[in-house]
Every structure is written in C-alpha cells, then in structure tokens.
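Chain lettering (A, B, C and D) follows the sequence in which the chains are written, and residue indices restart at 1 in each chain.
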Amino acid sequence: MRRALPILAVLAALLIAIALVNPHFLEPAGFLAFLKRAAPLVILAAGQYFVIVSGEFDLSVGSLVTAEVVIAARLIDGDESATWPVLALLVVTGLLVGLVNGVVTTRLRVPSFIVTLGMLLILSGAVFLWTGGAPRGALSDGFRVFGRGGLGPVPWSVLILLVLGATAILLMRADFGRTLMAVGDNERAAALSGVRVHRVKIFAFMLSGLAAAVAAILLGGFAGVSAQVGQGLEFSAITAVVLGGVALGGGRGSVPAAMAGAVTLEALFTLLNLYGISGALEFTVQGVIIIAAVSAAAVRLPRKSTPRTGDAHAAS
Amino acid sequence: MPRPKAAIAVLAALVIAGCTTDKPATTQSAAPATSSQDSGTGAQSEFFVQADFDAQLAMRSKTPQGPADKPWEQAIDPEMIDTSRYKKDGPYHLCFSNAAVDNPWRQVGWKTMQAEVGLHEEIGKFTALDAEGKDDKQISDIAELQAKECDALIVSPNTTATLTPAVTAACAKVPVIVFDRGVETDCPVTFIKPIGGYAFGADAAEFLTEKVPAGGKVLALRILPGVDVLETRWSAAKAVFDDSRLQVVGVEFTDGDAAKTKSIVSDYIQRHGTIDGVWMDAGATAVAAIEAFEDAGLPVPPINGEDQQDFLQKWKDAGLTAVAPTYPTYQWRTPIIAALRILRGEEVPGEWNLPQPKVTSENLQTYLKPDMPPLHYALCGCEDLPGFPEDWGGKKG
Amino acid sequence: MDLLTRARGPARGGLAAHLREPTQVLFLALLGLVAAGWVLVALDGGQFLTLESVVGIQQRSAALGIVAVGQTLVILAGSLDLSVAYLISLASLVAAEIMAGQDGNIGPAVAAVLAVSALVGLVNGLVITRLQVHAFIATLGVALIIRGALDHLYDGPAGRVPESFQVLGYSRIGPVPVSALLWAGVAVLAWLLLSRTRLGYRIYAVGGDEEVARLSGIRTGRVVVLAHVLCSVCAGVAGLLLAARLGAGAPTVGTDGGYDLESIAAVVLGGTALAGGKGGVAGTVGGVLLLAVLDSIFNQLEVNSFVKDVVRGVVIVVAVAVYARRTRGRRA
Amino acid sequence: MLSMRGIGKSFLGVRVLSGVDLAVTAGEVHAVVGENGAGKSTLMKIVCGVHPPDEGTIELDGRPVRFGHPLEARRSGIAIIYQEFNLLPERTVAENVFLGREPVRRGLVDRAAMEEATARLLGELGEDAFGPRDVVKRLPVAQQQIVEIVKALSVDARLVVMDEPTAALAEHEVESLYRLIGRLRERGVAVLYISHRLREVFDLADRVTVLKDGSRVTTLPIGEVTPAELIRLMVGRDLGAYFPPRSARAGEVRLRLRAAGNRKLRDIDLDLRAGEIVGIAGLQGSGRSELARAIFGAEPFTTGEMTPARPRSVREGVALGIGLVTEDRKAEGLALRQSVRDNVLLVARAVGAGNRAGVRDLLERVRLAPVRRDQEVRYLSGGNQQKVVLVKWLTMAPRVLLFDEPTRGIDVGAKAAVHDLMRELADDGMAIMMISSELPELIGMSDRVVVLRDGRVAGTLPAGASEEAVMRLAAGEAA
C-alpha cells in the first residue's frame, strides 16, 4: 500500500485540477460518469497487472477486446435470448486465449512479448475472417445493459469494477497472489519452494484474458459494435500498470496501485481535454508524463540486482 | 525546419478548432473552441475549393443521364470521352488495386464489385490486390498488376497525393479507372465518384438549419482531420452554418470510435444542458451519438447519419428528425461497367459523377431493410445481384 | 521440475544437431516456402517467380528490412524500440518538406532526416540508460511524444519529393530495385558493424550479459545509446525511402505499415533472441524476406488480409518456439 | 611490486577483512590459502578493483593506487580469473578472450590477429581440443575455464590473480596450467594463486599467505612449511569455538539411498536417521550440492533406489517431507522483495498445506520475532534471512531437512544461532543433512561426515574426525 501513495497523490491532484474547471465533476453523477468511462481500462489494467507482476507481458488484450465484441455481435445478432449464453462464451473465450498465451509462454518457452504479439495478429485476423472484414450482427439490449445501464444512479460498470477490483485485491492477498509475486520476484526460488511456476503464470494470463472479456462486455455495452473498440488498449493498460508503480520484470507493485494508475491515466486524458490542450499534443504530454513517472520510480528504487553473479559477501 | 505557410494555417486551424484525436480510451472532450467567428466553426479548411463547392451543390439538382433504376450507370453532366483506342476483344482480364477492406463501407462495396464481376461472362479473369491501408503496398501492388497483362486497371487509391506517381506510371500501359478517392493526374480514362463531399456536408447542414430553431446549439462531429473526402464534407457544412443563425458549440473528432463519440456527446449535454442538433461527417457512430441523448433521458434532436441499417432502424424506431446523406456503395459497380465499356470502345464520361441521393423520412421505408446486418449500407445497389442478401451478411426475408 | 533441469539438457542429435543455428533453419524454411509458393501458385494457374513478383518482394520488404536491421541492433543490445513507426512518419515528412520538390534540397533534407532520427535515438538511449526506464516504456513514451507532434503539425501528406529523389523508390537495375540495394547496403553495413567493429562486439556483449560486459571494461550505457542512435537512423533511412516512394511525406505511413511491432517480429523470426546477445543481421534479412515471400504468395493467390494476419501470427510464434527448443539453454 | 597494507572490508555490517597485509614481487607465485569464509575472494576482488577497500592502502610499484573499476586495475596490468565464469556463451573463444579490447586495424576488428593470438595462447597451454572460433556455450565446463584463463593471460598482465583455477579442470589440464604458470614466472609475471588443493600450492608457490577469519595469519616461503603445518595454520582455531553438544541417539532411518545416481552422481549409498546430523564434505565440484538437490527432487536421481520414494520433482520431494535450505540464499532461497511473511509461507502456499497458524511460534522459536513480518526480506541481515528460509521449511514440519552451506555469509553470532537451531531440530527427531565448506563447522556439528569425491562417496568418518582426515579423503591424496 505504501508504494501506492505517490500515484494516489498524483491522482488526487489531477482530480482537483479537473474539478476546478468543471465543478460538476465532483458531484456524484459527474464522478460516477467518470468512473463508468474509466471502468474498462481499470479492469484491463488489473488483468495486465497479474501478468506483469509475474514477469511477463500481455500485448493481446486490445485485439481480444475487439474480437470479443465482434463475436458477441455476430452470435447475438439482436436476439435477446442469446445474451446470457454469449456472455458465458465471451468469458470462456477470454480465459481460453489467456490459457493459450500462458501455455505457449511457459511450456514452449517463447517470450510472452512474442506470444502475445502473435496472438494479437491471430485474433484480429481470425475474427474478421469470420465476419468477412467488418462487424456483423447486433448486440441485444440485455447485453448492452452492462455498459449502458445502472442500478439506480450507479452504473453497472462501476459496480462490476468494484466487484472485480475487490476480487483482484483479495486474489493478490490469497495464496495464489502471494506465490505469483514470488514467481515474478525470483522464479527459481519459487520453483525450489514447490511452486508450480508454469501453472501460476498460466493462471495470470487467464486472468488477463478474463479482464479483457469483461472490458469487452462493458465497452460493447457502452457504445455498441465497433471494429476499433480495442485499438491500442494493450499499450494503455501496460502504461496504466507501470504508471501505478508496478515494475516491468515482475515481483513488485500492488493491484490497487495498478488500478489507480489506470484511473490516473483516464483522469489525465480528461484533464488535457478540459484544458483544451490540442488533442494532438495530448500524446506528447502523455509520453512525457509516463517517462517522467517511471524514471522517478526507477531513481528511487534501484534496479533489481542480478543474482547470477552472486553477491560479494556470500563468497569467501 | 522551414515550414510552409499552408502548414501554419492548418496548425492554426487545428488549434482554434480545439481538436482531439484518436486514442482508445474514452475521454471528456475539449471545451468549445473560442473563435473569432460567432458561428464557432473555426477557420475554413485548406481543402475548401469554392468552385468545386458550387459545382457540387449545383449538381444536386440536376437530373442524371442514364437508366433511373440503375443509379450506378447514371452520370451527371457527362463529358463523354472517346475510348476506341482501347477497344479489344474479350475475354478480358480486369485488375483491381484496392486500398483496403478495413471498414464496413469498403466491405459492402467490395462484395458488390465482386458480384458485378460475376454478371459479366466476358470477364475472363479478375485479379484484385488488397493494400491493407498501406500506401507503400498499394504502390507495389499497382506495379505488380501491370505485369499481369491486365486489360484494364481499376484503382481505389488509399491516399490522393501519394498514389499519383504509381497511377501515372500505370496509365502508360493500360487504361486506368479510378474511383472513390481521386489522384492528382488526368491520365486515368475515367474518374468515378458520387457528387462528392460538399454535397454530403451541405445536405446534412441544410437539414439542420431547417429543423433547428434559430440560435440553437449544434455539435459537429468529425472522424479525423486531413482526409480529403471528409474535409470537404465539413467545409461545406461550415459554409452553410456560417451562413445560418445556428450556434456551433463544438467541433470534435471521434476517430469513428463509438465509445468516444458517445462520451463526447454526453459531455456536451452535461455542459450545455441540451444540444439542439448534431451534424456528423460520417454515419458510422450516429447511433452512439443518439444513445448519448437517450441515456441522458433527453429527446434526440435533429441529427444526420448515413445510410447504414442501424441508423435507419433507430430512426424509424425512435421516430427521429433525421436525414441521411449518402456516399453510395453502388459506386463499386460502376468501375467494372466502365472498364467493359472502355474495352468495347464505347464512350464513357471523363469524370463520372454518380447521383448521390439522400435518405429522408419520406423515402426511409424504401431503404430500411431489417434483414440486413446493422452496418450494411442501404445504397449498395446490390439487391438485384446474385447472392443477395446472404453474401452481404443478410437473411433471406 | 523441467524448469530447472531441461535448460541443461544436451542438444538433440541427428539432423537437428546440424541445424543448431536458427538462421540455417530460417533459410531452409525460406527455400521451402518459395518452393511451396511456386507449386501453389502454379496450381492456381499463375507463375510465382516472375520478374514483377521478384521485384515486388524486394520493394515490399525494403522499408521493413531497413527498420528491422536497425531493430536488430537494439534487440541484440538487450533493448527494443517501439518508436520506429512514428519516427518513420516524421522522417518522411521532414524529408518531403525540406525537399519541397527542389532537387537542390535533397542533400540538406537527407542530412536533416539523419540528424533528427539520430536525436530521437539519443533520447531513447539516454532515457533507458540514464533514467533507467525499461526500454518498452521509454520508447513507447518517445513514440507518443513524436505522435503528438505529428498529429499537431500535420493532418495529411505534406511536402513534395523531387522526381530525381523518387529514383530511390522506383528505379531498378535489372531485377534489383534501388530500394533493395539500399536495404542491402544498410544490412551489409550493419553486418560489418556487428562482425567487424568494436561497437558490434560490445553490442553482443551488453545484450548477452551486461555484468560480464561491465567487468570487461565496457561502458555498457554508451553501447546501448549508440545502438539506439543507429536503430533510429535506420528508421530515418526507411522514412526517406518511403518518402521517395510516396512522393510526399505522410504522417501515417509508419503506423499504417505497422513498422514497430512488425520489425520486432521480423527480427525475432530471424532467430535473434528478444533477450539480446544472440542472433544477427543475416537472420533478420531472412525473417523479412520470409514475411515478404509469404505476402507475395498470398497476394498471388489473392488471399484476404485477415488470413495473412492469422498466418503471420502463427508463423512468428511457431518459429520462436522452434528456436527455443533447438537452442541449449544458457548455463543455469 | 604490489603491496597492500591494512586492508579492511565490511559488507552490510559483516566484517569480511581486517588489517590484511600482502606483498607480491615480480616473478613470484604467491599462494593465498584459507578456509571458506576466510576472506580470500574478497581480498582478490579488492586487488582487481571490483570492490574498493574500506581501509588500508594499495601500492603498485611504490605508487599508491585506487581502482574504481576492474578496467582500471586491468590497465595497470592486473588480470583476474574469476571463480564464476565471466564469459558470453553465445560468442566465440577469441571474442571472449578479447572482449572489451579487440585489436583494431583500419577501424575494423582484426579477427585474424585476434584468433591468432588466442590460438597461440591456447597452444602455450597445450590445449588442442578446441580453437579460437568455437562458440563458448558448446565447450565443456573445463574448457570454458581454460578460456577464462586465456582471457586473463591475453592482457599481458604483470599480475594474474587465479581464484581456484583448477576446480573444474581434469588432471592433464592442470599440468598444462602448471607449465603455463611456470612460463609466466619466467617472464617476470607475478601470480596470486588461491586454492584449496594443497598439492598445487606446494607444487607451484614460492610463498604462501594464510588467511583466517578475515585476518592474515602469516606469510611464509613455501620451503619453511609442511602440508600438515599449513593445514593447522588454516584450520587451527580457538578451541573455545562452541558447537551444541551432540545427542547420542539416532533413531529410525528416514531416508535411504542405495546406488543412487544421475548425471553428476554415481552409486551413492547413504542413510539419514531421525535425530542425526550427517555432514557432507567434499571439494568444489565433488557433487555435494547435487546430492542435496537430487534427494530433494530438484535434479532428481535417475538410477538407484531411494526410500521411501524417489522424488521426480520438488513437489514430490516436499510431499515426502523433505526440505532444502539452498546454498545461494538470494538466488534460490528467497524472493527478496517480498515480505518475511510471504517468504515464510511460500512453501505452505505453494503446496496448499503446512502449519500456517504456527508461523508466529516458529518465528519466535528461531528468534525472529522482533522482525516485522511485513518487512521486505532484502533489508534483513544474512543471519535473519537464513532464519526466514529455515522457517519456510519448518512450516511443513519436514521429516528430512537438507542444509547447503547454512552459515555462508552470516556473522559469527548468527552462525551459532543457526547451529543451535539445527541441533534442536535434530533432537526433536528430524533427520538433517548438512553441507559445509567450513570444516570446523562441519566436523563440529555432524554426527557423521560423509566425504564425496567426483560424485561418489569417498568415505565416511565418525563424529570428531580430524580436519586433516576429511581433507585427505576429499582430495583423494595424502595432503
């Protein structure tokens, strides 16, 4: 939790800055709308966190989100009764994609960067091959309720975010989460403690796939079918996680911080827009802030020492 | 780095317009740009050419020549060109360099073109290469197609300026037919396009000036800057709005992303309490814009979309005040027809301006086809083609 | 626990033992693919290795090839560069704007492109080594910065490249296009660099084991920075080539081509380890050619682009999996 | 030529060297001997500029020097052959030998010159099994060691430091090395030679310096000392050194090996009994750690019998009630950035069993209670880190616990605590196997000492055996 503090401070500052321009923002309705918008990215960041903390990458989530939305539209095709089966199928698809990513990474020893890059290509190709190039069919209202509707004034997506966020935090406190951290920190020590390293990593990839499926359900629900829905989300998610102080390479950082990183990123977009920074220059600002945030963290926490060469005082 | 004045002007235009650009995440949008003009539309686009604008607006009221039931064979004010020097005997080998098949509009068009090819027995072979949206690949594709002994080459350019050298080179070898986007050379035998972007933009803007009470707040949504066919749509709309008493409260870029569109519209509703009209340069995200009003519990103001089924369906179901100017996908049939005419030595228009109808509440019922997929374009002119509707993703009604 | 033991296992005997280098596997695969392409296209009633398709393969792979050669350098040094795609766009615009259609401006334009790209590489390298930011994030950040600048300044193709410079993009000598010669030149230079210069040796050393390199007196940070500068210069050269082909600069030419991820994919396909220290330019050239031949076959058979994506994804993952099986692990 | 005075060095508060003097003259082979932990390697690293000394001065040719980087030491003509290989496995022999100072001709690396020089050096070593163009990863370990030596020799060093250079060499290779060192001496090069193998010391050295517990005991011309005396100088220590008393009773056999073997081990017969501490002795490379790993299931036995069962994986080992306290705590024992609690519970969580509720008691038992349980392990002292590893296994209440160098790199007080704990555990009925390079510790703790040599059991000695006896068995010769 202590490491989450800097990002929370940045987030607070951003939220205050937004509120100064748009007082409506801090009202419940305004803030809920902001959270609703942030929910998919926050969920994706939580999923990506599991993979990154285990020392891997998942570049496939963006195209997985697109694929899921397109699959849902084609299968539901406006038929209300198909909603729930298709929702279940989406979740299963997400888990399955994660499973494949994980198995290829661990068993075939292909770097996850490459595995998930390949998966990115395969998913985007396969799904449009199946639909003939553009999304077909339509989502049912029942499907869209998760992204559009709410329970009273509280959007479903915010509720889903809260539930998943809490689950992620609990998961990281549970045996799985603790062993996952240990694997990311020192894979060898974990293996020599009886941790099934492969299985733990595969599970992390599956969680990322699951997060992508949920994000797809929320994004598809929010705005309907689109072929661009997932574009670039993998980089946003990784950026969010890193912004939350989670180190690429594994073993460091907390899931609330990763999610806070995603909210911060979203708040940053909002703020840049509100202050009328040219939409284009927004990317420049974003790039500078990301590098600055990460380098600040790196300067505070020196790079992980490589145990390979041993350490001085262990030798005679 | 020396920067031409034009670029500075563009830069100024962009800054003034307070544009946003593509990123996946949803955002709140920029505050309405401050502007020297009351209309809030910013500076006119560098793409705006007054003469073309006037010509296109004039074309809208002209009666096209050709069979009325086949708009893809009609032409407005054709200046016929002699093609006897290309005359040869069949069977023909037609080649097609396609910019991309990466959106529903191109998807529908590509299906339609393939079906059109199937109609003609004299086409012995049809070779098509997809450039996947890459200029560089399209340049190579065009070069490669020239080697395939094509009798005619059809090009749908990915971008205007950058494909010009490749097309110029091809003109020397085969008759070239360009459609959709143009190139900066006269060498193709014919350039096929609907009336154009000015007409599209003006149709929608005129509708809004008519339906939205004076002083009403209009939000203009654009996909992205810098694309010629889209720039003309906006510049025409801008001209119309500047002439009207409507107040354009914002010009925003959506990247064609539904989630972003919805967020932008929600933000504007939040900020202004209400929006009295929505202008869009393309219809793909019109439904998302409409939903933003619905989700806010507000009546949907006058809006324009395009001839996509989901919009037409929404229009009907919600009883909207709407209009749908079109950029008809039936133009994908015309290049095949043109190619065959050229190879038979028949005259074709040098600039083939196809009619560009708009969907209104009067003719909505004709274009609404509930059995077609939501992203299908109604003006595909494909209903009489073999394989319809299944090949276009529809269900047999 | 195969994690602990398999890494020490000996390489398999038989044919596999003779094919220990990924490059050999790759070029065999390339030959096989050309043969398969020949058969498939012939069955389809076409002819595969026509002059035009050979020229096409070269034209198509030249830009990617040049970027991938640069990418090889940084990956060998244990880094990677995600900013090349935007840099290519930037380079094409800088070139076309300065040339402005005038022959006399070609020299300054080329110089400016090289300077700008070297500067970007310098920033990449310094952020990674001095600020200790992971290369992934550092170059992604720099990519965003360039993107912002591009989107801010340009909204479409700009500038004009004079006819004389377009020679680079269109002319050919016999069956070999000038662009392919440029690519070959860059590849040979990179090969020379890696196999014949101290910097090259040090790139391998730093990527192979930074600690060993440091203990051998190598200034590791400087090597990483130089590798990034060279990689960015390669991207700049690719931008020049694309400007020559397009006749103008285009703010989306780099991203449309997907040069960032695709160049990494080509390098890895060429047998260079993503972790660094192992591989080389020959493999990358093979990787790029393999992708180009694959493309060419698909083009001839008019397979749609979605199938291509699927096949490309599978090929990359399978190739790396094969290399991973074939190579003995490093000393544990 | 080189003279060091009053050298002192501490790591994280652990004093490794204090007040060491050492002088080397040109053309001299100077052996440095001492037990593990005596400070030899640290001293060598100070010579070579890897670590700066905390105190003391180094003079080279009468001028004071201070090396901030290995490169500076090398420029002054000091080369080192590390114990751990510093080679790039993917590169050729020649490329490794000349790494960082490749010869250049007309701007390009002169490969021919490089390979020729490497070949010449290999020739001088009498090495013809491989050439300059071979890729290092394809060479056997012994040949990699030769590359390491050639690398150091190639700099035309005036002082070559060799840290256990023969640990991985076969007999004939050792002789080549002798010849080579002889040639160096002729050229006036000084050699600092560190070895456990006394025969080598007596064969090669002109003078010998004995280190013990970070201090210099003495420096003598080799002619003035006998092997027996040298061993006594190295190992002799205060008889007051305390080890917990042995208990007499050994209980049932907990683990039995018969003719067990794998790639590194052959025909191992061994019984571990409840209540007993069995010490495993042997030189580096004799298979000590491999034995522990094989029993544990990390690098399983492939032949022979193990009762109750032969584990094929770590998890099977854990299920059999076997635990392994690894040699390299930081690389293999701990997740350094995780908390004490997370490390302690790692095994229990991994296999979904174990006594988690009792962790507080266990921490108290090993006297780690004052340490905050959410403290990251990397901030703990070596002794406390080792206790964390120990508690990690105690949560599983193992029947057999294997300790590989349990007190390496921890200070004296903590050592005693670990020793007490080990005996306590044995008295509670656990079977314990202990590997240690520190003979006094091994002998002081063990109820039996099993000596390994070349992957086989060379012999078993009873409690209280002399260090000389152990050394003799381990070295396979009368030392």
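Assume a contact is a pair of C-beta atoms (placed from the backbone, for glycine too) under 8 Å apart; a residue touches a chain by one contact, two chains touch by 3 or more.
Worth saying up front: this structure is predicted, and the values here are computed from it rather than measured.
For the interfaces A-B and C-D, the C-beta contact count is higher for A-B.
Of all the chains, the one whose CA centre sits at the greatest distance from that of chain B is D. Distance between chain centres (mean CA atoms), chain B to chain D: 74 Å. Here the spacing of chain A and chain B, counted between their Cα centres, is 35 Å. The geometric centre of chain A is 44 Å away from that of chain D, both derived from CA atoms. Touching two or more other chains at once are residues 133, 188, 191-192, 278-280, 282-283, 308-309 of chain A. Residue positions of chain B touching 2 or more other chains, listed in rising order: 14, 21, 101. Within chain C, residues 1, 4, 151-153, 209, 211, 304-305, 308 each touch two or more of the remaining chains. Judged by the touch criterion defined above, the protein chains form a pattern that is neither an open path, a ring nor a star, and not fully connected either. Taken pair by pair, the chains that touch are A-B, A-C, A-D, B-C, C-D.
Of all the residues in chain D, the ones that touch chain C in their complex are 50, 69-71, 74, 82, 85-91, 95, 99-102, 104, 107-109, 111, 137, 297-300, 313-314.
Partner chain A is touched in their complex by these residues of chain D: 11-12, 14, 16, 34-42, 45, 50-51, 83-84, 86, 296, 298, 314-315, 317-318, 324, 326, 328-338, 342-343, 345-347, 349-352, 382, 392, 408-409, 437.
Touching chain C in their complex are the following residues of chain A: 57, 104, 108-111, 113-115, 117-122, 124-126, 128-129, 133, 187-188, 191-192, 197-198, 235, 238-239, 242, 247-249, 278-288, 290-291, 294-295, 298-299, 303, 306, 308-309.
The residues of chain C lying in touch with chain D in their complex are 1, 4-5, 192, 195-198, 200-202, 204-205, 208-209, 211-213, 215-218, 277-278, 328, 330-331. Touching chain C in their complex are the following residues of chain B: 1-4, 7, 10-11, 14, 21, 101, 127-130, 132-137, 139-141, 143-144, 146-148, 159-162, 164-165, 169, 224-228.
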